[in-house]
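Before I ask anything, let me first share the structure, which is written out below as structure tokens.
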Amino acid sequence: GGTDDDPATDTTEAMEDDAETTEAMEDDDAETTEAMEDDDGEAMAGGTISMAIVAPSAKDDLAFTQSMVDSIAALDGDIDLQITDGTFVVEEAAAAIRGYAEAGVEVIVAHGTQYGGSLAEIAPDFPETTFVWGTASDTQGLDNIFAYYPAADEGGYVLGTIAAAISESGNIGIVGPVEAGDAVAYIDGFANGAKDNGATDVSIVYTGSFGDVALAAETAQAHITNGADVLSGSAQMVVGAVGVAAQNGVPWFGTQANQASLAPDLVVASQVYHWEGVLQQVLDARAAGTLGGEVFEINLGNGGLVIEFNDGYPLDPAVKTAAEATIAAVADGSQSTGV
Amino acid sequence: MLEYLEAIFSVAVLASGIRLATPYLLAGLGETVGQRSGVLNLGVDGVMQLSAFFAYWTVLVHENLWLGIGVSVLVGLVMGIIYAIVTVFFEAQQGISGIGIFLFGLGFSDLMFQKNVGTPRFVKSLPDVRIPVLSDLPVLGEALFSHSVVIYGAFLLVPAVAWLLRKTTFGMNVRAVGENPQAADSLGVSAQRTRFIAILIGNVLAGLAGGALVLQLGVFQPNLTQGLGFIAVALVYFGAWRPSGVMVGALLYGLVAASVLQLKALQLIPRSYSDIAAMAPAVLTIAALVILAGRVKAPAALTRPFARH
Amino acid sequence: MQRLFGAAVPLLAALVAFACGAIMLVAVGADPVEGLRALVDQAVGSGPRIATTLVRATPLLLVGAGITIAFRASVVNIGGEGQIVAGALLSTIVAIQLPNLPGILLVPLVLIAGALGGAVWGAIPGALKAYASVNEILSTIMLNLVAVQFMNFLLRGWLIDPLEVERGTRIPQTARLSENATLPALIPGSRLHLGVLVAVLAAIGAYVLLWRTPLGFRLRAVGHSPEAAKAAGIPVKKSIVTALALSGSLSGLAGAILVFGSESVRMVTDGSAAGFTGSAGFNGIVAALFGGLHPLWTIPSSFLFGGLLTGATGLQRALQVPAALAVALNGIVVIFVVSSAKVRTRLDQLANARSEMKEVLKDA
Amino acid sequence: MATNTGEVMLEMRNITKRFPGVLANDSVNFDVRAGEVHTLLGENGAGKSTLMKVLFGLYQPEEGEILLNGTPTKITSPTHAINQRIGMIHQHFMLVPTLTVAENVALGLKSGRRPLTDLKAVARGIADISDEYGLAVDPNVDIWRLSVGERQRVEIIKALYRKAELLVLDEPTAVLTPQEVDELFAILRDMRNSGKGLVFISHKLHEVMALSDRITVLRNGKVTGATTPAESDRSKLASMMVGREVKLAPDKPLVEIGKPRLTISNLSVDGDRGAVAVDGVDLEIRAGEILGIAGVSGNGQRELAEAIAGLRSVKSGSTISIDGKDVAGMDTRDRRNAGLSYVPEERMRDGAIGDFTVAENLILVDHGSDEFSARGMFKFAEIETHCSQLVSDYAVKTPSLETPTSSLSGGNIQKIILARELANEPSVMIASQPTRGVDIGAAEYIHSRLVDARDRGMATMVISEDLDEVLGLADRIAVLCDGKVMDIVPVEGATKEQLGLLMAGVKS
């Protein structure tokens, strides 16, 4: 379960004293520069921070990887970002991570749990480099690794309640990939939210593939013919399902990144991962001389998970306010997602 | 038990199965012509991905579905010419040069997509055309006669290809060249030319299959086909090198897949076994082959390059 | 002499192919020279990088060597992907069951388990072909699909890392497997592990088997003429099964090595075969072909493709060119090389003819 | 015999054709007149087929020219040859088994209803030809359903349908039953009398004597003589081919017959198309004895041989024993280990592997024996000595042990097979058509080898459709008809007539 309080709370603290840490960053800057000088001069020149992302799917997948890319883009401060995407194969990722480290990149985001093993091998060889590992909830005892993970079930739960509210048939269809990863957390949260809010029939289908768009489309079709009037789903292949939803005028809920662009008038809302908070903390910590050793969770509470409503969809204001309430409740832990 | 049967034998599953079967059918029919001429093409999947991407891109830019279909055919033609040159004139090992085409298609379509499109966007997909009277028929009418034109086209191609192979001189030459190219050659039937054309036909249909797939979905993604083309090749063996047989195979494959989805959707398959269920089409295809196989023989010269001494 | 020349032809073809690669680079707006530099640098730029390249080449070499065996018995084995997965799963299970066995025992054991898993997954299409005359191209393709789903099934359920369940992250991967099973490094402190050596030995073994042993003789006999082999008393059906089982066992070995040679020492998937194998099942075919379907030539060619694959990541980093380019390039290389195969055989024919001519004249 | 009054339709002048390491044709002169059968005679590898392939545009000669009806013509391709009214019946049929007769005939011809085929029209044409020359065949059946003889008729029809005036038949009788040969000859004579020119190639001298108007002999690619049946006889022809005196029948010393080595009782076997092919056969062959199996092909000989060799399953109740050991349940390898050896009927398909080297074919059976391998590894030195020994013992003409077997001529390949099969003194040998398509010299050699082995106590079964061979070789002759043994007669006093009646199923 994602919402065990401790990490949630202390990370929120970390967010609160954001202000001063940023000041701290200003004056620390000089010395950290010196500190950096010997191993990598020009990377820091002009206050530029060099970052790299190694990620499993495409950088514009409208999902997991894009959420990270967008987040870094949203960071203030002058960042020189390099990306190696579409590398699920661990050996490839390892090569890339090592390559960045050798090239003197300061902060390397290994955006995939499966990279953990490689990090454990590589990180010790580059004590000056900060490695950020997600989604994961331990730093493998290394002090130059930060870890992060999303409490995907939280947004899932919220979206589920909205789905139940706008569904007339009370029949909701969910299109999943392989039953694994934070897809499961999101989907279970979603299902619970829907059920708690009166959905009678929540049908979850895992197609068995992250890539089979056609299968996802047919799954959505099956849901609709079985009477579902609201759909959601997780992972890259859902574009197929969104397409079917659009063709049938069925509302859709997205996750990981804002999927409104796929169906501007049918995507009700998306749970969007905002890693800015985490990343900012990472940069601050690094500036403060801490290269790692902390775990961050993003959740509704600390603003890492954001429910982005799509103005293109005419959502009943009442439902929206109710949803906002749920968000607050889930955020402060008074409402469990049951995951 | 009954609920399972009800779930499977539903109009929805039939319609869905037909939709899923179409790309297999188109690609399989093309591959049938090629293999009848003695040429195995394992590159089908790659050709489909290329044609799928370029069809998608075309429609994305020009918003014209027919242009998209045309482009998918064109891509098939180009790939066909390449493959024909490689296998017919350079007498290249067919199984393997096919893998080459596959890898190229897989990589290049992905490359082009990332460079030119990136974030998936929807294009308008092929509209369903309800065939007036027929689609109003009770029960099956809706399932059978409310599909996009490419689906009708694909199934109309079954008798067409059968006719081509059985009744035309070209078809006769194809069969001869696939069985005993030396004999055909000794009578002035150029094995090379015949195979060249057969390969073109095969790849054009593969291209069409890619176009049909992507324009059915209205969106492209890298590795869109997920190995669909390889299964299409397998279905040619399954169909005993007969268009009708390939159609049966494609429908079986599509319907099983659709049934599994439906059973999952109705929560009739426990979630933890969803992957096991996903094996069904492959397993059933093999099982069916164990029963069928032995009775039919492959074209004798299949995968054998022809060279005159 | 003409051997060398014969080998030079595919190399030439490869060069042409790389020229096409350069064109693709330009097409995507990258500087080909820069690209080549980045590629080469990443592939062989430093000790660790060479090590990575060799490690990356290992599964290609194993699969490739297996392909050559199957090919000589004239069975097409497109089941590499599935056989790798099968081998990996079995070896993983062994490591999970016997975590405390000392490395000296456990390492060989997991390798054997891998080979066994692959052998079984290869023997199935072999038996289907031999005893039910099911075409092996079809069955191997189908069994790839089955293996993937089976992998997902196990990695989500029985074999999943308990931590993943606890955290709710649920990535389909095993826990970090027993340290004792980790393949020892050949050069201490480097990524260069035992698997690389195993693969090279396996390739040499394949060569010896095919041309130095009765068993290989039988496989080749069956490959050339099942009828004549049968009449000579060679068990044809059995040989077909043997060929595919051997071929599969090498792929399975690759699977085990992917798990216990990886930095994470765990089996992990994204729900697709390629997610775990990195398409070694296909790229291995490519390597074998590039090696003229000869086990020994497959060794250098595998390392070449290994370099291409690791180099591609460098390319991607330096010029932000999608890694897909490397896949496409692979394809082009294959296409050019197979096409060159004819030129090559023609050359050999000529040379043989000349030497025969000489011999005949000597006799006269 | 027709008199050679027809004008010269073909003249080949100083044709020279080289293959790597071989001078296949050495400035050969050859001509054919309208209305004659001109026979090409020569040992395996003499260059007969090569010369004809040059004529048919399959090979281009290095030197020499071809005149058709007096005009020099460069024949560039088979199609070209066909347009020049030349037809060729190849040593190996050029038919597509899965196509019908009509389709096979129609291949490569312009259809009247393009793009569709016009098989009806073709069928009509076939019917006309059938009537004219008595070539009965149903145009609508698939080739694979036809007997060998019928397939050959289709080949001839193909040629005639294309209006061939000059017809080349390369060993057309090698695969035919005596009846089929007679029918074929009748047809060929009709064609000759209707003014066509025929080139006939055969290794069977009595056929040559029966059919030819003129005979040209090739040896090592050179023309070594020309004659006519009138002015020569079989032994003259034989010595012309080989270049020395040859014995047409081996002389067999009397050896006393030993104990039974191969015993077959109540053997029943199904054929390829299900029907019973071998029907309750009882046979016994003793040490030092050659049992000839005579019979019209397709009367169960092949199935009999394959059943004994373990390549075909037998029906229950059948027993086969070698030296008293029941082998009916064993696979081929174990039967061979029990002392069986087998020379298959289809040399290139079942006997040897074309892509294997001469050496590899020589150890195809015994490769696993401890003589050639230890601990699963080959002992190449031993193999080398063994093979070069055999090559010299059996006078195999090959450039080297590493030569691909497919590049050798039929006779030499057969010698390799025989050498392999006799190598480790088998107790029982089954030899199917041991000299079919093999030239006299080689045949003589093979016969003498079989007789030697017999003298050393081997029990031999020789299956042959060539009655001369059976009569010359066997001690006893069993005649098969419809899968049953009609009778078993001692060779002494056996006559062709008597055998012919038995083969036809007539019991005296």
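So that you can tell them apart, the chains are marked A, B, C and D in the order they are listed, and the count of residues begins at 1 in each.
Here, a contact is a pair of C-beta atoms (placed from the backbone, for glycine too) under 8 Å apart; a residue touches a chain by one contact, two chains touch by 3 or more.
Note that this is a predicted model, so its numbers are computed, not measured.
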| item | value |
| --- | --- |
| Farthest chain relative to subunit A (centres taken as mean CA coordinates) | D |
| Distance from subunit D to subunit C - Cα centre to Cα centre, in angstrom | 46 |
| Distance from the mean Cα position of subunit D to that of subunit A, given in whole angstrom | 78 |
| Chain centre separation (subunit A, subunit C; CA means) in Å | 36 |
| Where subunit B touches two or more other chains, by residue | 110, 114, 222, 226, 272, 275, 278 |
| Residues within subunit D bordering two or more other chains | none |
| For subunit C, residues contacting two or more additional chains | 149, 152, 156, 272, 322, 324 |
| Chain-chain contacts as defined at top | A-B, A-C, B-C, B-D, C-D |
| Residues on subunit D engaged by subunit B in the complex (per definition of touch) | 58-59, 77-79, 82, 88, 90, 93-99, 103-104, 106-109, 111, 114-117, 158 |
| Subunit D-facing residues of subunit C, complex | 212-215, 217-218, 220-221, 224-225, 227-235, 352-354, 356-357, 359-360, 363 |
| Subunit A-facing residues of subunit B, complex | 12, 16, 19-20, 23, 110, 114, 118-122, 125, 213, 216-219, 221-224, 226, 228, 257-258, 261-262, 264-267, 271-272, 274-275, 277-278 |
| Of all residues in subunit D, those that touch subunit C in their complex | 20-22, 309, 311, 331-333, 335-336, 342, 344, 346, 349-356, 360, 364-365, 367-368, 372-373, 376-378, 399-400, 403 |
| Residues of subunit B touching subunit D in the complex | 167-170, 172-173, 175-176, 179-180, 182-189, 300, 309 |
